[in-house]
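So the structure is just underneath, and the comments pick up after that.
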Amino acid sequence: MEIDTFRSETRAWLEANCPADMRTPMGEDDICWGGRKFVFRSPAQKQWLEVMAAKGWTVPAWPKAYGGGGLSGDEQKVLTEEMQRINARPPLQSFGIWMLGPALLQFGSEEQKRHYLPQIARGEIRWCQGYSEPGAGSDLAGLQTKGVDTGDHFEVTGQKIWTSYADKADWIFCLVRTEPDEKKHTGISFLLFDMDSAGVSTKPIKLISGASPFCETFFDAVKVPKDQIVGARGQGWTIAKYLLTHEREMIGAADSALFAKSDIAADAMSAIGLDDTGRLDDPMLRAELGQFLVDEICFDTHLDMTGTYMRAGHELGARSAELKYLGTELNKRRQSLRVAAGGSDDLVWEGAANDAGQAAKDWLRSKANSIEGGTSEVMLSILSKAVLKLPG
Amino acid sequence: MEIDTFRSETRAWLEANCPADMRTPMGEDDICWGGRKFVFRSPAQKQWLEVMAAKGWTVPAWPKAYGGGGLSGDEQKVLTEEMQRINARPPLQSFGIWMLGPALLQFGSEEQKRHYLPQIARGEIRWCQGYSEPGAGSDLAGLQTKGVDTGDHFEVTGQKIWTSYADKADWIFCLVRTEPDEKKHTGISFLLFDMDSAGVSTKPIKLISGASPFCETFFDAVKVPKDQIVGARGQGWTIAKYLLTHEREMIGAADSALFAKSDIAADAMSAIGLDDTGRLDDPMLRAELGQFLVDEICFDTHLDMTGTYMRAGHELGARSAELKYLGTELNKRRQSLRVAAGGSDDLVWEGAANDAGQAAKDWLRSKANSIEGGTSEVMLSILSKAVLKLPG
Amino acid sequence: MRMELLSEDQQLIADSAAGFLRDGHGIAAFRALREAGEDANSAILGELAEMGWMGIVLPEALGGVGLGYRAAGLIVEELGRHLTVSPFVSSAILAGTALASAGGDMAQNWAPRIATGDAVVALAMDEAVKHRPERIATTVSGASGALTLTGRKTFVVDGGIADRLIVTAKRGDDLCLVLCDPQAAGVSRTPQVMLDHRNAATVIFEDVAIAEADILAQGATAEDVLAKTLAAGRAIAAAEQLGVAKAAAEQTYDYLRTRKQFGVLIGQFQSLQHRTADLYCELAQVSSLIASALNALDEGSAEVETLTRAAKAKMARVGRQATEEGVQMHGGIGMTDEMDLGLFMKRDRALTEFLGDAGYHTEWILRQRGI
Amino acid sequence: MRMELLSEDQQLIADSAAGFLRDGHGIAAFRALREAGEDANSAILGELAEMGWMGIVLPEALGGVGLGYRAAGLIVEELGRHLTVSPFVSSAILAGTALASAGGDMAQNWAPRIATGDAVVALAMDEAVKHRPERIATTVSGASGALTLTGRKTFVVDGGIADRLIVTAKRGDDLCLVLCDPQAAGVSRTPQVMLDHRNAATVIFEDVAIAEADILAQGATAEDVLAKTLAAGRAIAAAEQLGVAKAAAEQTYDYLRTRKQFGVLIGQFQSLQHRTADLYCELAQVSSLIASALNALDEGSAEVETLTRAAKAKMARVGRQATEEGVQMHGGIGMTDEMDLGLFMKRDRALTEFLGDAGYHTEWILRQRGI
């Protein structure tokens, strides 16, 4: 069978090309985000990105013409499995891969695809996403940032919020109201521009976890050449909706880059110990953990089956909201259980013994899971209307 | 202190007058509902009703002029405690006591009070409540049953549903649309009439528990004399709302007549047994039971504190919805835990060994708790608007 | 709802099951049986056998069609949806799996009769009010040639109509699976009607004479056979409960789309929308879990125990959610016997208890994780 | 919200506490302390003492005002609402209760100093990551006249700033409460900043020389004193957590009334209305439970243990609900450090762990019921 050949070749290639340092567990600081400002943590990290990018395996599903690997669904699964087998780290992670890429593949011109996609694949340009605005929140279609048509370019003025790593990104893909006379949903365009453009500034937002992964981003008469629009004028909402679906799948899928998926059962046992019957010496916590474990097994099988479904060429559509909802609510429970198991040790902030309070920080961070990328409430409303066809 | 005198006198009187047979645990069939059709289960039951009614203690809070005991809040509490002390059964229970009485006391004419209240207090007339209609459900104000003004009486035509024990009641208090030209809420009147009137018929509704405590009730041109209206024409909605508050307090308060408050912990232990550490040999069920017990303790203190608050002369108002919601949701959990503890024994329907499947029947019955007297959803909506002042 | 890719064969089975049951074996039929006080529905057995369903998991060598557990799951989900009364789970799945796994003469004798519907075989394992199949007080004792079976079994589903019982017992420290004729001297059974209008029996064995040949399996083999049998039964029971829950949910979705209250469709109320959507998500993910458990049985995967138990545990919670939300969202009418919701709620309750509830299986998973 | 009838004295205390804390000791003050890296807020102690709060539960004979636990609960609820940092719970309540219950010379020496704010005394009892005060590895050993204290205590709230520590230890099989000077030779303490920006210390005792006179109570007396102390601490901690939860809930109600999304006020969304109303009901009933627990302490009722533990257990769940719903309903803005919700969430978390979480106390109630 061809797929077996692919597997053995992949295994051999990974064996030969994945540096030993790239086969160890990865902390949040070890993620390779790429981009003009990125500083590699080690030569191995740089080398791993380069060899994978050369094979197109930073984006294995994308066509080869755009810097991708051109792999089939089954081949992608094999690649994932073989990488997991040797604990190979992902060579590159980025919003370009997760979001802009899919949007360009679907809506971009051939020229745009050939220009932007390979830059993403090679980790040369780091992208951020300019969607939410202060005062809009979940109501994306109500956005106010305007792009005034001045002939050869749009002049963009306004403010975005929750722009992930805007202070570290090179370019932004951004929703801008370019057709002021159109209705809410049809007046928005999808623009791309350089964060080094004149008139762009960013300000990090401090979160309750102490971290600042998000920014407020300000645009003051930023000039955006007209060929940097994706799709047609006024098509921005359509593209954004398509992209939100991708984002939801990604957040729901909850890969290790987003959620610290520690072994809570083992953590609890080492922190709390067992009683005379060999059970965790905290019966109520144990019961809560039991319910969580069953739900985790359940969600994992669902995710797995959904992956197979999508690799067979099906679209999830509105049902991506289902994964987003289930996955993020589950992760909130995971992180709550983790700090409960850690007890007073995990209350210490920046402690030496508790990995600088990482569990508490992950717990606080997790509260945003059911807000970012569409709140749980928005997901449930989508499902009730688009899937269950309940009346508006 | 005067209250101590009252206590000792009450204790002595109860000791002398409460028959021994009326000091034993009471099953559902042992309730004394009174009324023209009621058949006493024993001479003791009849005697107990008569002596208590003579003292006005079937309705201790009502004024003596209307057949009540005229007791103060503190005295009522003492009477309750002294009755509980000797396990004395309630001498009489009825919708007349719980609902019509409070409505008449608030809205009735002096003549009506002197006529109807003593009949209720002595258990001579059993009342039922005609509120809900098919197609209206929670939307009481949308009711259709009409009362046409024909000069000296109203001619009532329409259909009610969920009329508790309509087939056993003597009279009905009933919401009827008498002012067809008024708005939804202001066209309704509160009428009283005899269930033996020409044109009244009832049909029991079979529930999933197998029991039929409710009826559909049909009115075909029933003649109701005009002096059998409580309050003014069109005031029915105001009276109904007042009464619903009383009903909610009653259902929330969950006295033993409504909810079988068995000792689930003891039941579970005898059905399942203990493990080597002395814990219930079913850790997950035990954990659920633990959460329930904490919530039960909590609700009991809240109910107790609310009782003190009301006896001090405060009105609960919309907050009766809080008791109704918490009390009924708690009872649903109680009954679910009870059947879970009973395991396969409690699956047997009409079994000899399991009290004719009583646990399963109570469990099924409890599902109606959060529907009858206003659904949990309606309660939460009331609270969000009337108490939290959230926007409409 | 289903995220799973079904094979053509599987899709065919699912469709034909839905069609067959809709036409004449639906909830109306269940109500008719109940009115008639008939809890065996013996008429259906021949039809199920004819379609090959009673031999669905049996290999051809034992008279079956060998289509496996995933296919059986598709059938039983429809049985659940239509509340169809039949000995499918007890005889075709539990006894079928036990006989096929044990092999030998007994399997040769009885499995083909199960497949043809000529015999119903039931599993007698529970002894207490909660499912604890590992705790067995029933014994096989005496010298070879003079063996007797003694004990008491409860909640023997279809035990009242079975031609043979597979009884779990201890012979010294060894587990035994004994094939026992309920007509034999010393056996007394008390059939009982359950709240879901199914038949289950309490069976007492008093010094019942058995032969060595009646012992289907013993010791480690018996442990394996029983584990396989229970795993299969649990995944299949979960699939049946899924059918019940889906039917309850679909009636509720429909009600929300059509019922008016306060002048609007109740499906317009956002709090009901969100709760319904949550239920939908839970049903979707438990569908995947149950399918994975059944696939694991067919593949003989190492994950069989974990997945079948997780499926049974999770389905108990989702089934309760589906039926409780159904009744609550229907309001008073949902409490009446006239509506199907109460029937779903009762069936759901019985299926939760059958072969272990959420707590029992969650406990196992906790133990497996070493805590 | 409160269904309880307060006495005139109690209402006076509640009002004056709210006023005092609003004016200069509110959340702005907390943020300023945090910016300054100051976790002791030593400035407030004198003010609290002056108002009589540090001696609120101490009898007049010990320099207190003897207003009791219900009054203390009204104060601490306001401390919770305003996130005020102070040694009120550790010193006035825990140490105050321990000293007053134990009586004797130590109480005469130290209780008045607690009341005047001249000394802070903290309780050192936890040894593991979860609160299990009954499991003590710390020992008092040696012959009378040459006694030493050895062990390790964690999560000693205000342990870093305390002038004395009341340490739980075992002397043979006897429980001992030892009053120990943290400056003594052999004591080393590591103060730590917690996620709620409170001070807690890990304290190690290595052969610390103590006198018989340092033993506040021993044996059955010590058991009684500790039980009383913990019961009081739990009810008071629950009352503080109630204040935190109410503040979070009130900010959320306000947000729902004023924030627009999709062109409407978000408080118009029914699913948020229902969840908010549920939260309101939970806060209302847990208020009654906490008040009952505090009243029971004042009355010396037999229900003290049950009510204080139930209050701590229930409040942990309601507190979590209030802060989580607050963040979720605020959306992204609720996750920012600029808003108070994150501060409430962190404080709520720490209070849940302090003196035993919901699981620990629920377990006790289960045991008490014999299961």
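Order of writing sets the labels: A, B, C and D. Residues in every chain begin at 1.
Definition applied: a contact is a pair of C-beta atoms (placed from the backbone, for glycine too) under 8 Å apart; a residue touches a chain by one contact, two chains touch by 3 or more.
All values derive from a computational prediction rather than experimental measurement.
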{"item": "Maximum centroid distance from chain A, chain identifier (CA atoms)", "value": "B"}
{"item": "Repeat of interface A-C, chosen from A-D, B-D or B-C - more than half of residue-number contact pairs shared", "value": "B-D"}
{"item": "Chain centre separation in whole Å, for chain C relative to chain B (CA means)", "value": "41"}
{"item": "Distance from the mean Cα position of chain B to that of chain A, given in whole angstrom", "value": "55"}
{"item": "Two or more partner chains touched - positions in chain C", "value": "269-271, 273-274, 358, 362-363, 366"}
{"item": "For chain A, residues that touch 2 or more chains besides their own", "value": "279, 283-284, 286-288, 290-291, 377, 380"}
{"item": "Touch list for chain B against partner chain D, complex", "value": "265-266, 268-269, 274, 278-280, 286-287, 289-291, 293-295, 297-299, 301-302, 304-306, 308-309, 312, 319, 322, 325-326, 377, 379-381, 383-385, 387-392"}
{"item": "For the chain B and chain C complex, residues of the former touching the latter", "value": "132, 135-139, 142, 161-162, 205-208, 210, 214, 271-272, 282-285, 288, 332, 336, 339-340, 342-351, 357, 360, 363-364, 367-368, 370-372, 375-377, 380"}
{"item": "Chain C residues within the chain D interface of the complex", "value": "269-271, 273-274"}
{"item": "Chain A contact footprint on chain B (complex, rising order)", "value": "275-277, 279, 283-284, 286-288, 290-291"}
{"item": "Residue ranges of chain D touching chain A (in the complex, touch as defined)", "value": "126, 128-131, 154-155, 192-197, 200, 261-263, 269, 271-272, 320, 324, 327-328, 331-338, 341-343, 345-346, 349-350, 353, 357-360, 362-363, 366"}
